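Going by the order they are written in, the chains are A, B, C and D; count residues from 1 in each one.
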Amino acid sequence: MNYHPRPAGEGLRTRVFQIIFESDTLPAKAFDIALIAAILASVLVIMLESVAPFREDHATLFYWIEWGFTVGFTIELAVRLYCLERPWMYLKSFYGIIDLMAILPTWLALLLPGAQSLVVVRLLRTLRIFRVLRMMEFVGEGRLLLGALQRSGHQIFLFLFTVFLLVTIFASIIYLIEPAEAGFTSIPTSIYWAIVTLTTVGYGDIVPVTPLGQAISVMVMLIGYSIIAVPTGVFSAEVIRSIRADRYSDEACPGCGHDRHEKRARYCLRCGTWLDEDTPDPNLEEQARDDEEGPQGKEK
Amino acid sequence: MNYHPRPAGEGLRTRVFQIIFESDTLPAKAFDIALIAAILASVLVIMLESVAPFREDHATLFYWIEWGFTVGFTIELAVRLYCLERPWMYLKSFYGIIDLMAILPTWLALLLPGAQSLVVVRLLRTLRIFRVLRMMEFVGEGRLLLGALQRSGHQIFLFLFTVFLLVTIFASIIYLIEPAEAGFTSIPTSIYWAIVTLTTVGYGDIVPVTPLGQAISVMVMLIGYSIIAVPTGVFSAEVIRSIRADRYSDEACPGCGHDRHEKRARYCLRCGTWLDEDTPDPNLEEQARDDEEGPQGKEK
Amino acid sequence: MNYHPRPAGEGLRTRVFQIIFESDTLPAKAFDIALIAAILASVLVIMLESVAPFREDHATLFYWIEWGFTVGFTIELAVRLYCLERPWMYLKSFYGIIDLMAILPTWLALLLPGAQSLVVVRLLRTLRIFRVLRMMEFVGEGRLLLGALQRSGHQIFLFLFTVFLLVTIFASIIYLIEPAEAGFTSIPTSIYWAIVTLTTVGYGDIVPVTPLGQAISVMVMLIGYSIIAVPTGVFSAEVIRSIRADRYSDEACPGCGHDRHEKRARYCLRCGTWLDEDTPDPNLEEQARDDEEGPQGKEK
Amino acid sequence: MNYHPRPAGEGLRTRVFQIIFESDTLPAKAFDIALIAAILASVLVIMLESVAPFREDHATLFYWIEWGFTVGFTIELAVRLYCLERPWMYLKSFYGIIDLMAILPTWLALLLPGAQSLVVVRLLRTLRIFRVLRMMEFVGEGRLLLGALQRSGHQIFLFLFTVFLLVTIFASIIYLIEPAEAGFTSIPTSIYWAIVTLTTVGYGDIVPVTPLGQAISVMVMLIGYSIIAVPTGVFSAEVIRSIRADRYSDEACPGCGHDRHEKRARYCLRCGTWLDEDTPDPNLEEQARDDEEGPQGKEK
C-alpha cells in the first residue's frame, strides 16, 4: 500500500517529522545517515555473531548490542508514528511493515524462548537491511530502470516460462537416462541440476556420467548460454527506448505530424503549431483578446 | 502442420467447441484455467512419484491418481475431436500430437508391461506440460520476440556453427595434451569438457591438470566469455528493429519517398499522397464520382 | 593471403574448375555437399577412434578408413591444383594451407613412425573441419557480423587488456593470501584460478579457503559478472550501426545536406540533387546534349 | 591528481623529456616499446619465481634479475624526475605513484629483511604492470568506453546495491536452512556462497544439500542469470548514445531549433544560421566590414 506520510499539525511533531521523514535540511540528512549507519552496524553484528569463534567468545556482548539496536529502532519507530497524522496507515505501508519486521523478531523471542525459534528470528532481522531501500526514493535515476523493467515485464515472464518448460522436460529426460548413483535421485533433484546447468552456474555436485546424459547436458548448456541473449536484448531495447522517451515526446504535432519534439518544446519546430493541447496557446489567446479589444488593445 | 480448428456445424458441438477451443466466453476461460491446473497437478504428481520416500509410501495412491489424470485427458481429447469438423487434421497438427503424447504412454504401459518400458513412458508424459503452450497463442507480446528470433536465426546459426568448430578443435588439442587420468579419455568426452568450459558452466568434473592444458582452458574460457556478446548483440539489434518496425511502416511514400510513417498513417505526412496502394483513395474516388456526377453531386 | 582462384584456360580444366571451385551449377553443388559430408565423416571417425573400446575392437578398420579419406582428399587437392591457372598461389592462400594441413599429418606419419608423433598428427587433422568454412563465403549474412566485430575490435582489445591486468593483479594478491595447500601454488596457477573465476566458469578445482581469500574471490566474481556488459554493449551498438549503415548511406546530399538516404536512392529525396558524385547525372547529360543539339534534339 | 608533465627549460632536459614523456619521435617510440618490454619481462620473472621448481633451481639468478630490473626502473624514474619542471607534482600524480610503487618494495626489503615481508613486497611489485596503462592515453577509442561507463555509473551502482541486498538476504535464509556440515558455517560464508551462485561462477565447494536449500539456490541462480541483463542493457544504451553523440552535436540551431547537426557543421543545414555561438560568423563579419567600408571594399 502506498501511503504518503503527512505530519500531525503541531509544532514539535512537524519539526520531528521534517527530521525523520524528509531529507532536505541538515539535521534531516544527519538523521538519515546515522540511521543507515546504525542499520549497517546492526546487520554487521548479526553477521559476526553467526561466526562460531566470535559467538563463543563474546556471547554476552552480542546479546546486549543486539538488544541495544532493537530498543533503539523501537524508539525510532515510536517517534516516527508519534509525529504522523495517520500512524496506522504508515504501519500498513511498505516501509511501515519493514520497520516493524526489523524489530519484531527480537521482541517475540522474549515470549517464545528456545534456540530453534531464535534461529528463525535471526533470519527476519536481516530484512532490516531493506530499510536502506528508502534511499532509492531519492535516487531519481532508478526510476528509468524500473520503468524499463516494468515495460519488459511481459517478455521476461514469457522468457522465465520458457526456461521453466525447458528445465522440466530436460530434467525428466536426464532422470531417465542417468543412474540414481550419479545424483539424479528424483525429478525435483534433476530440475535442480537442470537449473544449475542452464544458468551456467555449474556447481558440479550432480554431473552426468553416461555419454547420453552428457549429450543432454551439452544441449542444456548451449541453450542456457544462448537464450540469455533474450532478456538482455529485450531489456537493452527498453532502456534505449526509455532514454529516448525521456528526452523526446511521443506525440505528433497536431499541425504537421512531425513527431520528434523534445519534451520542453512548446511549439512545433517545423510548422509552429502550439503543441500542448490541454492548455490554450498564449499567442492565440492574446490575439483573440486583441481581436475583441480591437487594434487599440495591441498598443497597450 | 498448421490446422486452424473449425467446429462441426451442429448446435451442441459448436457450443462445446467454443468452450474447448476458444477463450472469449466465461465458461471457455474457466475450462482453460481448469485444464492448465489439471496439467500442472498431474506433472506435480509425476515429480513427487519420482521421489523415493513418497513413491515407497504411497505407490497405490500415485497409481490411481495417474490413471485418473490419464482417463480425464483421454475423455477431454475425445470430446475435442468429437466437436471438430476435421478431427484427423487436428490429430496431425502440433497441438494434436502433443495431446496424444500426453496420454499415450500410460495406455501403452498396459500392453507392454515391465519396469524398463514404464521408465521410458514417464519421460514422454512430462511432455504434457507443452499443452500449456497453447497459452502462448493468447500472449500477443510473444510474437515480437519470436519475430526477432526468426530474423536473427541465420546469424545465431553462424554463431553456433563457430562454437561447434571452436569446441571440436580445442577438444582435440586438450585431448592430446592432458592425460586420460584427468578425465580426457576421448575426443567426445573432451568436447563435453570444452562445452562445459566455453558456456562458462564449469562443473569441475573434468579439469586440466598440466600447465599447458590450463593455458588451453584459459583460452576456451576467454573465448566463451567474450563471444556471448555476439548472439546478445544480434538479438538486441533485432528487438530494437522489431519495436520500431512495430510502430513505423517500412514502405516509402509513393509520392515523395518519405519512409517513417506510423503504421496507422493513411496519407503521407509530408506530401499528402494516399499510402495504401491496395485500396483506392476514398478522396480520389469521391472526387472521381464528383467529376462524373458534375458539380451538383457535391451539394448532395 | 587472398587469392581469387581462376581456371586454367582449357575445356576440361575449366569444367572441373566450375564443379570444384564454384557452386552455381547442379554438379558443383553436389560436389560441395559430398565434400562437406566426407569431411564430417572423417572427423567423426577420428572422434570414434579416440574412444578406447572402439579403438581396441576395430583398430584395423579405423586405420583403413583414415587412409581412405586421406587418399581421397589428396586426390581432390591434386585435381583442385590441376585445374587452376596459378596452383602455387592457391597453396599459399588461406584455403590452400587448410587443404594441405588436412592431409599432411597422415602422410608425414609414414616417414616418422611412432605413437607419440601420430598423436600430434591426429590433432592437426581435426583442423580439416575448417574446410567447411568455405560455406561462410556463401552466407552473405556473416559479413555484417564480421564487419561489426572488426569495427569493435579496438574496444574489445582494450577490454581484454583490462581483463589481463585485473587477472594478473588479483592472481598475485590471492597467491600471497591463500596457502599453497588450497591449490594456489604459483602466480601462473593463480592466474588460471583468476580467469576461471572472472569468466564465471568456476570449476572448483582451486577454491579460496581463508576468509580474506574468499573476499578477494568475491571481488573477482563481481567484476567478471559486471564487465561482461562492456563487450556486449560495444558489439550490440556496432550491430545496430551495421544494420542501419546497411540500409542507409552515410553521405550527405551535396545539395541540401540531408543524410538519411537509402543506399538505392539516386536523387536526394528532399531537393532532388543527383547523389552519385562519381558518375554524371543522366538527366543533366541529356539536358546538356539537348542544349548542344538544340530544341530539335528533344524531338528525336 | 592530474599533472600534465612539462619539461624544465634547458636543452638536454628538454630532449630527454621528449624521449621519455612524449611518443611522437622515433627515439621516444623506441623508448616506450623498450620500457613496456622491460616491465612485461620483469613481471614474467616474478611469475616464474613463484613456481616452486624454478625458484629452487635458480634462486640466485632470479635474485639478480629482480635487482637488475629494480635498479633500472629506479634510474629511469630519477631521469624522469630530473627533466621535469615540477618533479614533486609528478610524484604525486597517478603515474608518479605507480612508478614509485613499482620500485619501492624491493628497496624496502633491504631495510626490513624477512621472508614474510618479502612476500608482501612481491604483491605490490605486480602493480608495475599498471605502468603500461600509459598506453591507454594514446588510444583515443578508450575514451568513448570510459565516458559510457561514467554516465551509466549511477545505474551500475544501483545494480550493485540491489545485488548486495539480495545476496545478504538470501545468505541469511540459506544459513538458517542448511546445516553447518554442508559448509554454511556463518552468514559471511553464506554471503560468499550467494555471490558464487548469483554471479553463476558456481565453484561447488559449498552446495545446498536439503531440498529447501536447493529451492532457495535455484531462486538465486535464476535471479543472477536474469539480472545480468540490467548492466548490459544500461551499458549498451550508453554506448549507442556515445557513438551518436560522438558524431552529432546535442545543441539545437539557434535559428530553427533543428538538433541533429554533425559536429563538423558550421551552418545549420536547414536554415543556414551560424551554429558556433562562441565565435562570430565570418560571413556576418565580412558583411559588417563591407557595410563599413562601403561597396568598394567588396572589390578588394
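Convention: a contact is a pair of C-beta atoms (placed from the backbone, for glycine too) under 8 Å apart; a residue touches a chain by one contact, two chains touch by 3 or more.
Everything numeric in this text was worked out from a predicted model, so none of it was measured.
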So, comparing C-alpha centroids, which chain is the farthest one from subunit B? D
Taking contacts as defined above, which has more of them, A-D or B-D? A-D
Would you indicate which option in B-D, A-C or A-B repeats the interface seen between B-C, with over half of the contact pairs matching by residue number? A-B
Between subunit B and subunit D, what distance separates the C-alpha centroids? Give it in angstrom. 43
Go ahead and note the Å separation of the Cα centroids belonging to subunit A and subunit D. 30
Two or more other chains in contact with one residue: find those residues in subunit A. 159, 188, 191, 200-204, 224, 228, 232, 234, 236-237, 240
Which subunit C residues qualify as touching subunit B in the complex? 43, 46-47, 50-52, 119-120, 122-123, 126-127, 129-130, 132-133, 136, 139, 141-142, 144-145, 148-149, 156, 159-160, 163, 188-189, 191-192, 195-196, 198-205, 224, 228, 231-232, 234-240, 243, 262, 265, 269
Would you pull the subunit D residues touching subunit A in the complex into a rising list? 154-155, 158, 165, 168-169, 172-173, 175-176, 185-188, 191, 197, 200-204, 207, 211, 214-215, 217-218, 221-222, 224-226, 228-230, 232-234, 236-237, 240-241, 256-259
Which residues, counting only subunit C, touch subunit A once they are in their complex? 200-204, 232, 236
